[in-house]
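Letters A, B, C, D and E mark the chains as written, and numbering starts fresh at 1 in each.
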Amino acid sequence: MSDSFEPVIIGFTCNWCSYRAADHAGMTRTQYPPNARLIRLMCSGRLDPTFVLKALADGADGVLIAGCHPGECHYLEQNYKALRRHRLLQRTLAQFGIEPERVRLAWASAAEGVKFAAEISEMVEEVRKLGPLNWPARPRPLATVPADIPVLSEVAA
Amino acid sequence: MSAAAVSVSGPKDFLSEVMAGTPGDNRLNHCIQCGSCGGSCPSGAEMEHTPRRLFALIQAGQRETVLKSNAPWYCVSCYYCTVRCPQNIHITDVMYTLKAMAIRAGLYHDAAMPGFSETFVDYVEKYGRSFELGLATRFNLRHHPLSLAGMAPLGLGMLKRGRMDLTPHRIAGMAQLSAILDKAKALEGATP
Amino acid sequence: MKALFYPGCSMQKNARPYLDSLLAIRADIDLELQEIDDWNCCGATEYMSVHRVAAHSLIGRNLALAQQQASDSDVLTAGCSACYLNLAKTDAQMREDAHLNATVNEALAAGGLAYQPGSLKVRHLLDVVCHDIGYAAIKARVVKPLHGLKVAAYYGCQVARPDYDGRWDCHEHPTAMDQLLRALGAEPVEWSLKTQCCGGHMSVIGPEVAFGLIRRLIHGATQAGADLVATLCPMCQLNLDAYQVEMNKHFHSDYQMPVLYFTQLMGLAFGKNAGELGIGKEFVDAAPALAKIQAEAPKVAEAKRKRRPKPSDGLPPPRME
Amino acid sequence: MTSQQERVGVYVCHCGSNIAGVVDVESVVKFAAEELKDRGVVLARDYTFMCSVAGQELIEQDIREQGLTRVVVAACSPHLHEKTFRGACERAGLNPYLAEMASIREHVAWVHSGHAAATAKAKSIVSGTVERVLKNEALDAIKVPIDAATLVVGGGIAGLQAALEVAEAGYEVYLIEREASLGGHMAQFDKTFPTLDCAACILTPKMASAGSHPKIHLFTWSEVEKVEGFVGNYTVSVKKKPRYIDEDVCTGCGICVEKCPVLVVDDNFEAGIGYRKAIYWPFAQAVPNLPVLDPDTCTYFIGAKTKDKGGCKACEIFCPTVPNSILFGQKEERVTLKVGNIILATGWELFNARRIPQYGYGRLANVFSNLELERMCNAAGPTGGKIVLRDGQTAPKAVGIVHCVGSRDRNYNPYCSAICCMQSLKLAHLVKERSGAEVYNFYIDIRTPGKDYDEFYQRVIDEGVHFVRGKVADVSDVPLGPGEESGKLYIQVEDTLAGLQRRIPVDMVVLASGLEPRHDSAEVGKTFGISCSTNGWFIEKHAKLDPIATMTDGVFVAGCAQGPKDIPASVAQGAAAAARVLSYIRQGELALEPVRASVVEEQCSGCRLCNGLCPYNAISFVEERRVSEINAALCQGCGTCVAACPAGAIQGSGYSNEQLFAQIEGLLREVRHETEVV
Amino acid sequence: MSKPKFAMYWASACGGCEIAVLNTDEKVLELDANFDVAFWPAAMDVKYQEVEAMEDASLLVTLFNGAIRTDENEHMAHLLRRKSKILVAFGSCANEGCIPGLANLSTREDLFERAYSGPSTENPEHLRPQTIWRAPEGVLTLTPLQPVVRTLDQVVEVDYHVPGCPPESRQIAVVLDLLIAVVNGAAELPPKGAVLGAGESTVCDECPRSRDVKRLTKLSRIQELPSLDTTTCLLEQGLMCSGPATRSGCDSRCPNVGAPCIGCYGAAPGVLDQGARLMTAIASVVDEKEPEAIDRVLDGLPDPAGTFYRFSLAHSLLRANRAALAETP
């Protein structure tokens, strides 16, 4: 099974650098595995840990957060906020039993298509090694008692 | 076009082999052929190919020409090339890689250079320490028998000043050292 | 201060004066040296040329022994440049390269040893003397200042480069030994070749290359007005001193530039006698140069008095600020 | 649910074979039409070139006839055609922000080769975009009024050009210059390449017209301390350093300079090879034509500091004006300016060649920097235009010019400084012309990509200048062998074309030191709310399509502050920045992208966690209501505060949580487990 | 004599919610006056069979407190859902899992190990409770523990939510007043899914402490601080206070007396995951840029998941540790 496992990665990218790095990878025809699906944010500072949790809970096997290099943020220093959130998120996720490789923080400037592609390739391989995350679905509440539920007094007998 | 100019192996193979054999962040493929290595090299004038030219030959896949070159053996490990390289290529370390590759491939046309290294290594492997008198005599006997007489006064001067031993010193943990070196060589052979 | 000490093969014999002078002055500078028991050769530059991993393992044994024997210092010092660089390089590359670290430790395990890279601070003796003992402490110990002695501080290659741990101010023009010489009362000369190559092993395997390099260094020191060259490495001393004689033969020249270890000069300034410091074992006799040492400090202050510049002096002088 | 009411149109572009060659476009269309039907997709179409007029008309027609309320275009990157398709929607009467693009060219077709996997990815991207667009809101561009006054920072050639262009158009300009005179680096040069016209001849008229222009308000010897506000409405605080001269009284007669007995090395204008007095002219044609007093070298000030009493005061004693123009007690002043736009033309600094010890700069007397040689060539410079060695008299017989000093070198600066090749060729020409010396250029590559530049290179070759291809290893004053002469400088180089080691003896070495950003560029950037690249140059909005604007609306860059460039390029960028500013001014008001954060007051608890997060100070705390508030005009839309608000009280238009949650769900459509029902 | 029927049930919880209702003083009498209390095990003796025998939807309102931890809890949730017109998740456990929900960070095996063989337990024979045990008296049964704690709305449909651990008695009174008004035709029921008995903002809104821009350089536990300023924001003093991300309604009880808010009222309106909001807010104001320096500050939070999700873990996006979730059938 693990041979055919293709991880699904959700990538959060910054409008000014990493999203453009992905564009750049395209313009330079830099190939990388098709496992990552990107979401554009205006800045990695927009990255709310809720997005990561939601992506993992909804079936992603990994999440990439990509921003401008430290010191190069288009909004001056908001990528440092992404860095801080990522570090705290990793600590929290560890307690949920989620491996650190599944949530990667990467820096890529608009000109770094090759680096961006390499980050994705590396991550896909790392997550592929870990196997599917396969987070169990949230339970769906039932309005009424299922008909076949035994009466409590009968269970005890 | 001469036969030597025809690349035998794929050009990339040799380059990546050299890069893989050199530790650290090796940027050999980034060489811009500026020549600051050759210019900085104390023995650059004596080299058949300067490091710069070697790197171009490596990129061109000229394995035999590169490994036969005397250049790596003339490297004195002064590290000028390394610290001055505008591309941060670890040139001195590349020279070590090329020497080891040349010995393994048996590709050198002047046996004197690797001979010196191998003689040195032999003494270290036998005694755990270097032995200058033995090294100088054995090396010169084997490779420069004519110059041995010329160097004699120097050796005598050393002996007279008490700066040279007549017998080698053997370390106590020779068995331990041999075990370590044997293991290392076995591992090294296993390394791709 | 205390430090683990790796003397290396050269210091045992050809550089015996280096070791003798170091032992003679260590009490004065309060340097307690613990020699690594049963150390082996560092492999110089030769071993690395034949087997890279084995070379690192050869050095690794010394590091492992040092780590094992370390009691209250993590500083491992060596006086020979090649020994120092090999120890520092292996430590640095093991730190950098996890694969190398694993391989070397696997080899060491065959001898029942292990080394944790980064657990020791590998330092050259000059580094320890200048940066840990310090110029002030050294100056305080001087009883016979080397007034009037002009010295070319010669560092050679491998102490300053590639400098894995950033121990020196410059790869090309370090100043530590110059400051040390000043603390001893000597006058360091300004010259361009502080870290040029002495020829290394070329003196054996390609003497004509070495002779050219030795001549340039000896000429450079002479041109700069030095009475002698101070060195910190057995190989440099051997090439510049013993091979100076051969070089003179080769070029039909007559340079007479003595080459001493910085520890020998420290010994002289501390009032030790020449014999105890191994002075006299050099090929080019240092006695005439040492005879220039004056009792009084030369008067240089007068000439250096600040004065406002005049355009007629030419262009303003170059500055290193 | 909204998806039931919305009518979404999905358009998949073939982009010729760019997309269709890899992605099965038909299959994507089918997927959108069938699988996403329950999500509100009412039609899905493909077309060869969606961005073509016909493609756009297709969308417009569907909006009108099919009543589409949302549009998704799966094509190239939104950075290319987002505006195009928004425009199409707007023309058809749909709010432009109800359209979204799905990038299936750059992010799929161009980077993947497996057809099945690429098509699957394209579908998931379309699904994500459909979910997102369902949550989009109709937005209106934000309008701000523009103050017509303009701030230009930096009085070099780029800043001068910009200031003059704006002033000529009839608007007020405040021109701020850190040094005592306008002119910048160009004022230091003798000739300019490739035409060899005299730098002063073409620069000083511009300096003079800027100095006397009724619309240009000059602040030299001044620096910007603080900038507040936003495009159209900046408040700038300027510090005027004391010149110790009464600017209103001084006639510029120069007697004070003549009488001052103190001579010091001029590291600034003369680049360290000439002298000036303690009270001095910045240089002969300085604008404004006023001297400046340097308190660090003035006898009076030194005396006042150390011994509690003055000294000298020759300048004051001999000053002929009434009242006296010398004001020892002059203090710093602060001025507040209101402007609508800012042009930053803060220029460059020379790489300090002392950092490369093997070249001997600062240690060997006859190693000079290129800027020092510029001064030496200048007829008004310290040697009167004569090329001489350090002794001030001897003409060199051989001169070596070393290229790429500190440039294209990962030990120093990895970038190419762009102008040094041409400058070195010019200096080679001047040295040869003035001294007749043999001149050697040591280069890695000769880069002459400007109009008439390579022609100039050819001319210099014809003049007999030597070219050696190789990066110089070192410069030494010690001969190597007995065959070499003492007293020379030896340039050690590998001649990489001849395959030779060469040692070339010369009398003088000139180092073509590269350009570096101003040492304080990061702080200056912070003051103006813009950022610097790793190398320290100001980052433009778009490297190709908008090299003038920056990420901060209303702040533009010109000249070398943005990156190394030559005089024509600096002038062009200065003029271009002025044109951009004028366009803003003429618009009167400006429409800004409505990606902004706002606070929902009922949910805000006034915890103030967001208050320190905004680099533009757009968030403030309203004490009386105990809530935080976001100034929409200051907000740049990064969304950091939205992501940080613990109460979820900050909303980000254009990138709302709802949009992003929906996009995540859409992207994971085929792998997503059953979602929570609430 | 046809008063509408009222029920209250106690699932996996501490019982604090029950006490909080009784703490409403005379409001309990009003409850009794307006409702027929048909089932309330903590307050009166009604047999389970009697509930089973009730007609479906015969209870007007049931306040269900406690999380779903055991098969019995789940069964009762289904039963009471069927019997009730209005099912109210009452208190933090029923709404978000609360403290029992923290068990979701461990597997059942780990929990048993810790509880029955842990360092503070004297149990040399490693005895463990069994779900079925044949004793001389007959077969004894114990309801089995489920792999993870769930909230009421993850098991059955819930009509209204009353948060708090426990809900503030003042707020309970408001809810009871509303129910009574509805019964008497004086008010209409709020829209389904509404949160009752709480505010629309966060705890900071009610907290009287003065506050400023936040820059965290160190996080401490309260006992590590030499002294506590009585008037300024606790977070600014380096204490991990959950107030900024916790729904208002408690009148900032804890911060009022110098104890940081621990988050019992759950997420603010419209927030998907309370823990994520705390996490992002705290991380955003760490005043460091280098990873190592950031880590030094974060080291002051030794148990981030337990801190951020102290009350809301079972209801969060991830809900539980992966190993524990994996046991869910």
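Following the convention adopted for this analysis, a residue touches a chain if its C-beta (ideal position, glycine included) is under 8 Å from a C-beta of that chain, and two chains touch if they have at least 3 such contacts.
Since the model is a prediction, treat every value here as computed from it, not as a measurement.
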| item | value |
| --- | --- |
| Number of hops, chain B to chain E, where each hop joins two touching chains | 2 |
| Joint neighbours of chain D and chain C, given as chain labels | B |
| Chain-chain pair with the highest tally of contacting C-beta pairs | B-C |
| Distance-maximising chain from chain A - centres being C-alpha averages | C |
| Chain centre separation in whole Å, for chain C relative to chain B (CA means) | 24 |
| Length of the line joining the C-alpha centres of chain D and chain E, rounded to whole Å | 55 |
| Averaged-CA centre spacing for the pair chain D and chain B, given as whole angstrom | 48 |
| Residue list for chain D, restricted to those that touch at least two other chains | 358, 613, 640, 643-644, 657, 661 |
| Chain A, residues touching no fewer than two other chains | 48, 50, 54, 77, 81, 85, 135-136, 138, 141 |
| Where chain C touches two or more other chains at once, by residue number | 171-172 |
| Touch relationships between chains, expressed as pairs | A-D, A-E, B-C, B-D, C-D, D-E |
| List of chain B residues in touch with chain C within their complex | 21, 23-24, 42-43, 45-46, 72-74, 76-80, 82-83, 92, 96-97, 99-100, 103, 112-114, 116-118, 120-121, 124, 128-130, 132, 136, 139, 147, 154, 157-158, 161-165, 169, 171-173, 176-177, 179-185, 187-188, 191 |
| Interface residues, chain C side, partner chain D - complex | 170-173, 190-193, 212, 215-216, 219-220, 223, 251, 253, 308-321 |
| List of chain C residues in touch with chain B within their complex | 9, 12-16, 38-41, 43-54, 56-58, 60-61, 82, 85, 93, 96-97, 100, 103-104, 106-113, 157-158, 161-163, 171-172, 196-197, 199-202, 204-209, 213, 242-243, 245-246, 281-283 |
| Residues of chain D defined as touching chain E within the complex | 602-609, 611-613, 626, 640, 643-649, 657, 661, 678 |
| Contact footprint of chain D on chain B as seen in their complex | 32-40, 44-45, 50, 52-53, 80, 83-84, 86-88 |
